[in-house]
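Consider the two complexes below, in which subunit A is the common component and subunit B and subunit C are the respective partners.
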Partner chain A sequence: MKILGKITILLCGGLLLFFTSDFPDFGDANSPASTHLSPYFIEHTLEDTAVPNVVTSVLADYRGYDTMFETTVILTAGLACFLLLKIPTKEVKQRYYRHEPTGVTLRIEGDRYPDKSAVFTRIDSTWVPSDMIINFTCRILISFIQIFALYVVAHGHHSPGGGFQGGVLLGASVILFAISGNLRAAIKQFGEKTAALFGAAGVFIYVGTAALCLALGENFLNYSALAPLLGTDRIMARSHGILSVEIGVAVAVMAVMIWIYYNLSSAGKQDEGL
Partner chain B sequence: MELIETVKHMFLFIAAKANYWTYVILLMVGLYAMIAKNNLVKKIVGMTIFQTAVILFYVSIGYKKDASIPIVMHGSGHGHAADAAIRAADYINPLPHVLMLTAIVVGVATLGVALALAIKVYKEYGSLEEDEIHKQLRSR
Partner chain C sequence: MILPIDLIVLVLVIVSAVAAITVKDLLSASVMLGAYSFLLCLLWTVMGAVDVAFTEATVGAGVSTVFCVSAIFHTTRRTKD
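This part shows the complex of A and B:
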C-alpha cells in the first residue's frame, strides 16, 4: 500500500506541478479568476446592497442560497455527531466523589447521589486539583471573547467579520469554559437541548428572513422586499436583511460547535469529559 | 555562465508560481497520509491537510499585487457611492474568500463527524489500526 501510495503521489504531484506553468502568476490582477464575476461584485456592492465589505455582501446576498445550505450542512453535521455518539448505555456507572474537608476520594457505583452535597463534590476519574490561575484567567477572557464575538457579528458589514467568524468565537468561549472548568459545569450553563434548539433556530432565522421576502411578494432571499417593514429604502433594506441572516448564521454555528464539542469530548456520554 | 542563467530562469519561474508549488506539496502530503497511513486518526489528519491545501489554493488565486482587502472605501453615509470611481484592480478578489469562509467552518463540522465515526469504530473494535480492524472483520 505504501509503494502504491508513493507512485500515486508522484504521478499526481508531477502532473499538477507540470501544469502549473499554464496557471496565472501569483498576484496577477488579470487572472481569469479575477476578471469575470468579481469586478462586478466590487464595483456594484455599494449601489446594490450598501455594504462596503464585499465578502459579506457576496456571502449573504449575491450567493445567499450557497450560504443558506452551508448553514444547513453545519446543522446536519451537529445532528450526525449526536446520532452517532449519543446512545443510552445500560452499563453500571462509576462515579467519584471527593470529601472536601479531608480530600479523600470515594468510588461509588450507580448514580443515586447528587453531584454536590454539603461535604462531597463529584469529580472526574481523571481529576486534578483545579488551577486558580487558569480558572481566573479564563473567567476574565470568556467575557471579552463574547463581547468581541458580538462586535465581529454586528460590524461584519464594515470590517472583516460576519456570522461564521462571530459564531465560532462565541462557541469557542463556551468550549474554553468547559476546558478550564469541567464539562458538567458547561452543560449546566449551556445544555445540549439548548444547543440543539439554538442550532435549529439559527437556520430558522436564515430561512425565515428569506421566506418573509417571499411572503411580501418578491423572490426568495430578495431582501429589498423588507423595505416597507423596516421603514428604509430598498437598498438599505438589503443591508439589514444581510445582518439578520448573519445573526442566524452566528447562532447556528455557535450552537453546533458547542454541541459537537460536548459529544466528541465525552464520547457521547456527556458525563465526564475534557 | 549559461548554467547560472538557466538556474536563475528556473528559480524565477518557480517563484512566480510559488503558491501553486506550496499547495501541490501540501495536497500530496495529505493524500499520502490518507492512502498509506494505517491509523484512522492519521487518515483524518491527512484529510484536514488536504483540505487546508485546497483552501490555500483558493485564497492565493484571489490575491492581486498592490491591492487592498475587499472592503470598498466609501464616503460618509450609507448608500452613496464614493466620490472616486471604484476600481476592481484596487481590491483583491472577494469570491475565493467567500467560498473558503464557508468551507473552513463546514470543514470543522465535518471533521467532527469524522472523529465521531472514529470513536464509534474504536468502541466496536477496540482499535483504530486499519489492519487490526480488517483482521477482526475477516475472522467473523
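This part shows the complex of A and C:
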C-alpha cells in the first residue's frame, strides 16, 4: 500500500512537472493572460478609478464581487472554529491562584474563587512566569503595529497593502497582547462577542457599500453611484468606494483572526491558554 | 528577477519545505512552515508581486504560525522519538 501511494505521488508529480513546460514563461508578453486582460487593467486603472495601485483596484473594484465572498469565507472560517471548538463544559473546575506576599500557589476547586482580591492573582495551570522585558517590549510594539496597520489599510491605494493585510496586522497586535500577557486580559479588552460583532460588521460594511450603489440606481458594487453622496466626481467616488470596502475587509479580518485565536489557544474554553 | 538571489531563495524554500514534513517534532515543523512561508514571501518579492508577498508575510508567516503553535500547545507528547 505504501509503495502504491509512492508510485501514485511520483506519477502525479511527474505529470504536473511535465505539463508545466507548456505554461508560458515568466513575464511572457505573448501569453493569453498578458494579451487580453492585463493591458486593459494596466492602461485604464488610473483613468477609471484614480487608484495608482493596480492590484488594489482589481481586487476591490473590477473583481469586487469576488472579494466580497472572500470576506464572507473568512467570517465563515471564524464561525466554523467557534462552532467546532466552543463546547460548554460542565466538568469540575479548578483554578490556580498565587498568594502574592508569600509566593505560595493554591489550587482551588468548586466555585468560591477569590476573584477580586488584592493578594491573590489568578495563574494558568500551565503557567510560565511573565517576563517584564517581554511584557514591556510587546506593549511598546503593539502601538506601532496598530499604527502601521492603519497606514496599510488607508494607503492601500498607493502602495502594497489593503484590507486583508491591515486587518491581519491589527489582529496580530491583539494576539501579541494575549501572548505577552495572558488570554483573560486580552478577552477583557476585546471580548469574543465584540469579535463576532466586528466580523459580521465588516462584511456588512462591504455589502452595505455595494447595496448603497444599488439603492442609488446603479449596478451592485458600482462605486460611481456614490459620487453625489461623497461630493466628488464619478472617478474619485470609485477610489473612495474602494477605501470603504477595504475598511470593511480590515474590520472583518481583524475580528476573525482574534476570534480564531481565542478559540484555538484555549481549546474553546476561553479561560486559560497560550 | 536576479538569478542568483532567485536560485538561493528557491533552494531554501525546497529545503525548508522538506524539513517541515520530515521533522518529527510538531513545534519545529510549524516553525519550519513559518520559515517556508517567509522564504516564499521573499521569492514573490523578487518576482515583483509585492501585494501577494505582503499577504504571505502577514497571514502565512505571521498569523498561521501562531495558530499552529497555539494548537500544538494543547497536544501532549506520547512517544519519545
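Throughout what follows, the second predicted complex is superposed on the first by the 268 of 274 C-alpha atoms of A that agree within 3 Å, B and C clash if a C-alpha of one lies under 4 Å from a C-alpha of the other, contacts with A are read in each partner's own complex, and residues count from 1 in each chain.
Going forward, a residue touches a chain if its C-beta (ideal position, glycine included) is under 8 Å from a C-beta of that chain, and two chains touch if they have at least 3 such contacts.
Just so it is clear, the model here is predicted, and its values are computed rather than measured.
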| item | value |
| --- | --- |
| Superposed partners subunit B and subunit C on subunit A - clash or fit | fit |
| Which superposed partner A:S173 touches (first subunit B, second subunit C, both, neither) | neither |
| Contacts of A:S244 with subunit B and subunit C, given as first, second, both or neither | neither |
| Partner chain in contact with A:F26 - subunit B first, subunit C second, else both or neither | both |
| First (subunit B), second (subunit C), both or neither touched by A:V55 | both |
| Subunit B versus subunit C as contact partner of A:G161, first or second or both or neither | second |
| Subunit B versus subunit C as contact partner of A:I260, first or second or both or neither | both |
| Of subunit C and subunit B, partner touching more subunit A residues | B |
| Lowest inter-chain C-alpha distance for subunit C and subunit B in the superposed arrangement, angstrom | 5 |
| Intersection of the subunit A residues that touch subunit B with those that touch subunit C | 26-27, 53, 55, 160, 162, 164-165, 168, 257, 260, 264, 267 |
| Contacting residues of subunit A [partner subunit C, same complex] | 26-27, 53, 55-56, 126, 152, 160-162, 164-165, 168-169, 171-172, 175, 179, 257, 260-261, 264-265, 267, 273-274 |
| Residue numbers on subunit B that touch subunit A, as the complex places them | 13, 16-21, 24-25, 27-28, 31-32, 35-36, 60-65, 67, 69-74, 78-82, 86-89, 91, 93-98, 101-102, 104-106, 108-110, 112-113, 115-117, 119-120, 123 |
| Residues of subunit A that touch subunit B when the two form their complex | 1-2, 4-6, 8-9, 12-13, 16-17, 20-21, 23-29, 31, 33-34, 37-39, 41-43, 45-47, 50, 52-55, 58-59, 63, 66-67, 70, 73-74, 77-78, 80-81, 84-85, 158-160, 162, 164-165, 167-168, 233, 235-236, 239, 253, 256-257, 260, 263-264, 267-268 |
| Residues of subunit C that touch subunit A when the two form their complex | 1, 47, 50-51, 53-55, 58-59, 62-63, 66-67, 69-71, 73-74 |
